[in-house]
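Structures are listed in the sections that come next.
Common to both upcoming complexes is chain A, partnered first by chain B, then by chain C.
Presenting the complex of A and B:
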């Protein structure tokens, strides 16, 4: 049988002109990239005729699944360990989505190719839809899950939280700085093409394994829009590539975007998948295995390496280094341990690991127990208040880490921490690539070239510094992570809802005040700082203090 | 029943063979065809395409969000999940014409010199036989980087042959410059039996086959090599599109492969070879090659042009061809072979 060509229908869209003819539009977001040469065709033949019916059907199915979940009381059967982490994840994810929607108009203005604006406009509509159905999912969890605290205030929560701010930094990366850096390279080329597979394909599989079939429905609905976004990114990248003046900027941005996505997405999704699951089947792929398959074996080889044929230098070193971090340096485990160390600063409950978890970790990550086992045993021992303080104050051989100014995840792989004085302040970075991002890439000049559109990494980026010297009870009250009784914490280091087992503001009031390592570092003399740094980088793994020098 | 079937991709006009146990996406990747994809698990719909012809397609497990039943009924399919049981024609909905042929693996290779002969007074025909690996697959028009022995440097040269016919062999046409790092070495030292290190293939100077547009090739100097590769490939595959090859040289002593090109005119009835000399008088065309094109061609709208040669010739040709009505994005030239150092082809 034969059918009418979709490409021909798509061709007709080009008759609609997006370029203003009678007005000079204002330039709100600029770019240092130039687009002078060959225009690219819109690679994805998507027409609205089929777009809206398709999205309508997808939305209907999400609503249908929601009804089924309510009727089947799914919310009481799902693993609590899993759903608690969703308080963090679902508080963050609508912001990157809506930021991605906001990112599209940046491209309208800067990529002089009306053909691509059709795809960008559709992506903008996609992203708004994603944000909406994700927030609706969160609302259903709040209404039906046994412990709504943390779901009920999450839009406010994640902007104060010591994990959530990392997500906010990520989302802001889509819409700030150079428009092409942000909306094209960081968002569509790296975040969407490389990292959404772990986010939107692996997460739903894990949710389903933990008894949650509503999240997979919502996220499959989201992920099935991804094709457009990958195409949008690629078309813009290829247009940029055709002008050799852009190569220097592209190489800079691929380094930044790759590394920052690795730092943030692997930290968050790695933790959710490895530490948020009860599914410990040996044949379940670990995060490291999925990363290798999707990101290294496929994305790197299929999408990045071919760019070399255009004379672009690909950041091979940082790709190898990201894998090195995940496989040899325990990046995901270090992050999960950090999130659990500061459980009291969160708005969800973190379940201790059991022997079954230990066995799985040791099987998937040989050597895991020697590094992290002891600490998680201590976490378990200290989880119910019994005259002691939360684990962060107890002697469990864990040196509280410094924040990385750039990615805002702390400097957890101790040996990689670097210090530098930037903008009159001593800053710590989790890795040389993050130092480079702040000090070299996000600056008004780059390698002698004017880059006025880059913007800078500003703001109160070190969560601890916001509350330096505060009593912990005041910190948690200020963030609003207190339950309705006005005293019990939303966060708990266990899943027991028995009031007698739960931590309260009273427990925190007796703890030492919060001390920001970054503030203390800036108060040191240069000699003290150097000595401190050389000691810090000898610490770890698992946050251990450096052994005494002999 | 055969377990291999032909899958034709439109509108790019690429055909591949797909075994029944493979997905279309996988088979394409193995044959160097880079199709847009994401999750490879039937969920992201990046590889969603439209079946123009053919019905016998089975899909592995996929998300019906990525491919709702109504869409499947309409003719959409997911290439990462699709197995074909008959010959089919697929319309790609998501592709980039330049990138689609970028999927061939870049290989490090060692090859042995089989021939190193002069074909003009200053151009050499270098033929290499691959040792390790024994074959390198490349698309006609692509190039390899050859390491200059005893230095850290590499130089890029386009193949003149096709790998479908001779995957174990690489043929180059290289102009000798007295100061050229590689070409000087080639002219004075490199002997049959010597070995060279190579990396490749690279480049997107490949034939766009999605339509039947007329073809115009403009070449000069060692720009002969990739164009010869494209023409040889057309002859091998019987692609009889209307095609003209304008080749510019200074004198008759600069012409090469004339016999083969004349023979191609017989094998491809709609192909014409038009050499022109800028400094000699002869019974053929005389003048700068761009002037000769301007004399012969009045309206080239709708034509695809491929340009390869010294940078000034390429730049002049692009200007001229645009004036004669060829759309800018239909003028293909390989910047590595035209704007590299003077050693370039």
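Presenting the complex of A and C:
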């Protein structure tokens, strides 16, 4: 950097933008929001002359640490329980990152203030950085960790798997639909401002406690860019708030974005942190404690609530409900249990919980053992193939759940399951807020107002539908989750790499066929469905069947 | 005696979880197996880039999950009129009991594109850091040696107006052609290359703006805001401005990249940078401006044009749609070449403004046309002398 001050340099680059005189830039993405053209300040205040060397220096640190990790044999100390969950996490996260890059142009024509576009372009290239640096971390794990399976097939696995599909919302939600809903409210106001704290700060701390200091190195470097992106979102939000016509849409979008992020991110990161760790010190924070600190206090109370005075309607009820789900309804535990139930459809290994884990869970979440302890003991008992089937087919008092049409996480808190007929199909939802998202929010009218730019929920949203009636060995082969001997599964319900202890396609061949809950539900008569629903919501916790009615 | 509480720390455990510790199925399968590398071994660039952006034609069994209001999700192929092999095959229909399989990878010719610059974060930050560092040093060295004192008044006017006005071209194209197009292409390899191209242009715009700021501080009477009036009002610039704005108005992402990098840049960008600034500056005592402008010239000639050619060569040699693509590309040439030549000609008055004149405008334009013709023929397309001399 020359003698020029950053402030002067930044002031100078404001001269770059210009208003078109002959042709307007192409308008390719619609929004139902309206923005008034007004002089704005670039919230990033980033000059590329300092930006590029700054990022290069951050890279030097990251790659230096990577080199050090290999030379220092970090993988002799890494907990396999932890690294296995990274097969899921690192298969998901590069896509949301790159999708954030792709999302930036959605804002160009809709936020008509060229001063903001410079920051959006820098966010674009930051996100390219994040995506490729994370792919590189995964590559390093694949090359140096004991079990490369699941890393080596990562992106095919992620794209074919129901867990990947849940995670993909955290990417596709950024790039389609109403441009402001997607690229501003869902991406920057909620995903980046609220949930990257748990993703990129809380989770790396847990990685370090499990002998993995590369994840913190990479993700803290990523997080140092996020603060800039939060400024981008804030500037756009304030502009949107200045027009009262937008308030109704802001209320809708905050409700949708908040609830969907909670359902998706808390499911995944909560599971990684609570069930992927071997660090059971009683004074280490639980995910619930981290959530309370990072999301409830730092985001909700410090960031969102002060915006109320500008007219932002904050979904207080859904924020309290998210906490209620995590603290009282065991949301994270229910999700982890489901991932473990369906281990055979995954591409990573899930370590059984031990007495030490039980003790920690009971200490952090009083009542945990009564709910989940017995099931995890069964998981442990059934983890090595010994003439029995995978746990999902065994009698362990676990009712295979229906899937939520909106967030695609199964309806695990049974009492909250909602059923509705939408677009000619009977659908199940994990919570009323998800039903509202599908039936009310993602529609071309909202509360009587035309919303022609709102997006649609599309795709084959229930994974089981695709494999209805299939033998499980064929399902896993079709997805490609098989190791290089052509028979051993990538996924295992334990960490033992002795080939004699590992599950194979032969084991799955003898299992009952896969049945799609949604297909079966739609085959029922209305009366049968009503009866089914009233029974389902009496089930749980921990997936237990409803008690017999007396 | 004082006592201290034991600090709570996670205990390191030796797990022996390193590669090679055990033999079991997949224990030696340490390459990504979901794509076919372009060469015998996968490159680092491919590993961090390929398949990050999904495609329901090969994997993505549940399809795109979120759509625009018309129900289209992801990266519709129809966002360009060009086609790569496989484009006309429908997306595999998945439903009850269909399974998840699509076509064999790659399923579409689009996925065969690899950026010859192999751009990913490590390469793009390293390259651009080197550029800004070198430029800063060049300008600083010139400042310390009082190099700007050699400039005559006419050259000062020229730099403040015309070199300055080019920053607006860079900025506009960087944001509204290239950054905009990074949402549109069907693969990650395309979109990453395009986003890096965008940053080259935005960086070049800022390089010129900050150079302009230095000159304002170093040269008495240097009007640091003259570039604004030149860009807005100078008739010699309005053809370039009109064309640059028209490029930002293109809907088809391939057309936007093609018209900008294959037509506009050789006929206008290089004409301005290589055949005017680089030639005129030395004779007017200026050895600094060519280093600033030269950085952008290198970006284009050695990197951005390189990926652009690789991208379009694949399409003009496509095993299924070569003729279709050539025909559309020819129509784009027919549309954009006259516009760019007209804009180039409106630039002509600039050649007579410096005291020490650069080579004649017509000579520069001829050289630009020759290079342009070579680029066009390398792509398997044709441009006649008549079309170039209209």
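Going forward, the second predicted complex is superposed on the first by the 531 of 550 C-alpha atoms of A that agree within 3 Å, B and C clash if a C-alpha of one lies under 4 Å from a C-alpha of the other, contacts with A are read in each partner's own complex, and residues count from 1 in each chain.
In this section, a residue touches a chain if its C-beta (ideal position, glycine included) is under 8 Å from a C-beta of that chain, and two chains touch if they have at least 3 such contacts.
These figures come from a predicted structure and were not determined experimentally.
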item	value
Which superposed partner A:424 touches (first chain B, second chain C, both, neither)	neither
Which of chain B and chain C A:79 touches, first, second, both or neither	second
Chain B versus chain C as contact partner of A:172, first or second or both or neither	second
First, second, both or neither for A:547, with chain B first and chain C second	neither
Touching partner for A:106 - first (chain B), second (chain C), both, neither	second
Touched partner set for A:224, first chain B, second chain C, both or neither	first
Superposed model, chain A: greater residue contact from chain B or chain C	C
Chain B and chain C footprints on chain A, overlapping residues	1-3, 53
Chain A to chain B touching residues, read off their complex	1-3, 5-7, 37-41, 43-46, 50, 53-54, 57-58, 61, 193, 196-197, 200-201, 217, 220-221, 223-227, 230-231, 234-235, 238, 294, 298, 302, 305-306, 308-311
Residue ranges of chain B in contact with chain A within the complex	10-11, 29, 34, 36-41, 43-48, 50-53, 55, 63-66, 68, 70-71, 75, 91, 93-99, 102-103, 106, 202-204, 328-329, 335-336
Contact footprint of chain A on chain C as seen in their complex	8, 10, 12-22, 24-27, 29-35, 44, 47-49, 51-54, 59-69, 71, 73-74, 94-101, 120-122, 124-126, 128-129, 131-133, 135-136, 139-140, 167-168, 171-172, 174-176, 179-184, 188, 191-192, 195-196, 198-199, 202-203, 205-207, 209-210, 212-214, 217, 224-225, 227-228, 231-232, 241-242, 245-246, 248-251
